[in-house]
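Each of the next two complexes has subunit A plus one more chain, namely subunit B in the first and subunit C in the second.
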Partner chain A sequence: MNATSGVLMTDAFLFWFLAIVTLVSALSVILMVNPLFSALSLVMSMVGVAALFVTMQAYFLAGVQLIVYAGAVMVLFVMVLMLFDLNLEKKAFSRGPGSSFLKIASVGLFAGLLIGGVVFSELMTAENAETTATLAKTDGTRALGRLLFEQYLWGFEVLGVLLLVVAIGAVALSRSKGGTHAKH
Partner chain B sequence: MLSTDWLINIGLNHYLVLSALLFATGMAGVLLRRNAIVIFMSIELMLNAVNISFVAFSKYGNLIEGQIMVFFVMTIAAAEAAVGLALLVSIFKRFKEVNIRYFEHLRG
Partner chain C sequence: MGSDSLEISINVIKMILIFLMMVQAVPILVWLERRGSAFIQNRLGPNRVGPLGLVQLLADAVKFLQKEEFIPAKGIRVLYYAAPVIALVPATLAFLAIPIGAPMSLEAFELFGSEWGPYRFALQGYEVGVGIVFVLGVSSLAAYAVLLAGWGSGNKYSILGALRASSQMISYELALGLSIVGVILLYGSFNFSDMILAQQGPLAIKAFGRELVIGWLPNWGIFFQPLGAILFFAATFAESNRLPFDLPEGEAELVAGFHVEYGGFKMLLFFIGEYGHMMVASGLMATFYFGGYQVPFMSPDQVLAWVSTWAPGANSAAVISSLLHHVVFLVKIAVFLWIFIHVRWTLPRFRYDQLMDLGWKTMLPWALANTILTAIVIAVAAS
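Moving on, here comes the complex of A and B:
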């Protein structure tokens, strides 16, 4: 009894700690005026999400999250930020107190609807809560690999072609000379 | 007993509520900020929120397919970031700024 409650306490502490870290750094992404600080907060948030994946036994996805998001995508963001040299950023937020109030109210309403739906469905399915406690311990990464390369092989290949197209398209776009706004 | 039960018994709903809050934060960023790069970062936040709920359903429903979907979402998100940042680079070349208010002048 004591050991199980200790494990529960550790799980709970880990979840709350990671949830608070992720949410606070997500908030600072949208509240920081300097975009570089936003990028650093986003890295923190991505690391928090990766750790949350670990708490859900999705170890492979946690590694991919760290490498792809906290590594590659964020390096891309920071390099583009350095390229732009945005020292002076006036009007970081959209104008108008009325419009901001409307936007924040709509976001709050949306979050309230989602959370209300989740909590209400918990009340509806409270008697089914026992079934989730006895999950079979599966070898997640091996099952994931088998599924990805057998049942979802077609999607995987299409994704590879998409990545090739995107890589070529990104290079072509960033080399273009302004499109319809070209001076010459 | 009932008041502290939800604090220590972490279940599917905790992850779903966290995912909803993260999604709402990203949505607020998209609506409120005017720097296009920060808007992209907020979109990444929303994609991450969706990934959390996919993995949570995958764990508590004991279905590995949710993690496959997260894998696909991550790839698409990386592709989207690459194309979006390339677009921003070409917009910055033209306007010397990436504020979202310049996007209304994009028509030829």
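Moving on, here comes the complex of A and C:
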């Protein structure tokens, strides 16, 4: 067996398998009636994206995707969903013209994204090749860190401040009059 | 995976063997836990079946396999069946990424009538460049097993246990992640093998361009990161839901928490998941702070050189030295596993508010302080 063709074949198989898993679970996020199953499908699609990162040798991104999104953010989502009575949500989102319109609209948006991705794929792969060329020279994580803390430091810090503002805002809202943690 | 059929098959067999090793260690640990708890509480424990009660494990396994298949009436079938499997996956994936022995470099040799080129086999399931990030990422998924089990069982106790468990895991994951930033700064790498190789020989402290060597101590991470080591070990107790952090299954208030409705083999899978997490935590402790698979005071090359003096042939020397390192690693892991068991039968359970206070108000700030202090010290000492 030719070693290179074998590697290419496994790569292609892995890619299609992961892509199908990711897309099917992404679709079921909007098609599931029960919000809890939607959230779990979102987790599945995030894990799929992380695995796709691994096949592209972006190990650090894959790990961070797992730790931050699948491991922390979505756990909170699922936890909060479990605390609510979901029957009302099920009713609200499973019948009526409003919900069907939303569903059709989101499928349309998704299809648009897909078509856009295919149409502009040349553009994306061209950029990709350039970045991988720069990343290949050094250790990927190191390069990522250098980019974040040197070239894009301003944006990085602004995003951090934005997150802080959101967190403080959430606390302030919940403690203000009428909020869930209001003092009076 | 490898460049030819022999290398690929050896790598696959290696993965399966390490997985089996992890699964097979569980009955032994259960036996150790029961005998150990009996020893601590001045009882005898299971001592009737076979020598020292060791065959009790086999009897238990048969019992688990023969239990009645059961699904709670209000449960959700898919989630109820998926949860035990999901409990097993993160621990397995994480354990396979930890190096459990020195890599063996084999010279070209002849087998089955053909030449096989020089190989280098790492004694771990697979090598991941950013090992720490991978292990943290994979084991952060363990919370889902608990959540799905709680929700899928359709039982109030289950869901209360699941909610407790997941909030506890999220809280302590922060302290866990921050406590090892010091280690990453110290070794300047995310890679387990790099970290282990940085802990060779006797303790050597490099600062201001000079080097201080302390001959009677090994060059282990614990001497550079004592606070980080303590925080990390405590956080792993919370991550694997062991006492004193086993509120998710607090018997007095929740019967058995998230696995109330589970029995038989599904229950056993949760068990394997929990012990798997203990093994991963012990392996990480050894790798980060206690020199990994290395023999204290000796580098892998020195061990290989010593083995070569009496072993027949270079390849057998490489194999023997790798296995020797593996045994050293097992001894180190066993010590930490025993500490896990000893702590479980020594300390009482925390109250829930105490648990959250400890995680958010004590361990997180200390881990942050450790990170900043380490960064400053490294920056100053390197100048």
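The rule we apply is simple: the second predicted complex is superposed on the first by the 123 of 184 C-alpha atoms of A that agree within 3 Å, B and C clash if a C-alpha of one lies under 4 Å from a C-alpha of the other, contacts with A are read in each partner's own complex, and residues count from 1 in each chain.
Note that in this section a residue touches a chain if its C-beta (ideal position, glycine included) is under 8 Å from a C-beta of that chain, and two chains touch if they have at least 3 such contacts.
Note that this is a predicted model, so its numbers are computed, not measured.
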item	value
Which superposed partner A:M56 touches (first subunit B, second subunit C, both, neither)	first
Subunit B versus subunit C as contact partner of A:V47, first or second or both or neither	second
Partner chain in contact with A:A111 - subunit B first, subunit C second, else both or neither	first
Subunit B versus subunit C as contact partner of A:V64, first or second or both or neither	both
First (subunit B), second (subunit C), both or neither touched by A:D11	first
Contacts of A:V24 with subunit B and subunit C, given as first, second, both or neither	neither
Residue contacts on subunit A - larger count, subunit B or subunit C	B
Touched partner set for A:L76, first subunit B, second subunit C, both or neither	both
On subunit A, positions contacted by subunit B and by subunit C	60, 64-65, 72, 76, 83, 140
In the complex with subunit B, residue positions of subunit A that touch it	5, 8-9, 11-12, 15-16, 19, 22-23, 26-27, 29-30, 35, 38-39, 42, 45-46, 49, 52-53, 56-58, 60-61, 64-65, 68-69, 72-73, 76-77, 80-81, 83-84, 86, 89, 91-94, 100, 103-104, 106-108, 110-111, 114-115, 118-119, 122, 129, 132, 135-136, 138, 140, 143-144, 147-148, 152, 155, 159, 162-163, 166-167, 169-171, 173-174, 176-181
Subunit B to subunit A touching residues, read off their complex	7-18, 20-29, 31-35, 37-38, 40-42, 44-45, 48, 51-52, 55-56, 58-60, 62, 64-65, 67-68, 70-72, 74-79, 81-83, 85-90, 92-94, 97-101, 108
Touching residues on subunit A, where the partner in the complex is subunit C	3, 36, 40, 43, 47, 50, 59-60, 62-67, 70-72, 75-76, 78-79, 82-83, 140-141
Of subunit C, residues touching subunit A in the complex	3-4, 128-130, 133-134, 136-138, 140-141, 143-144, 147-148, 150-151, 159, 162-163, 166-167, 169-170, 173, 177, 190
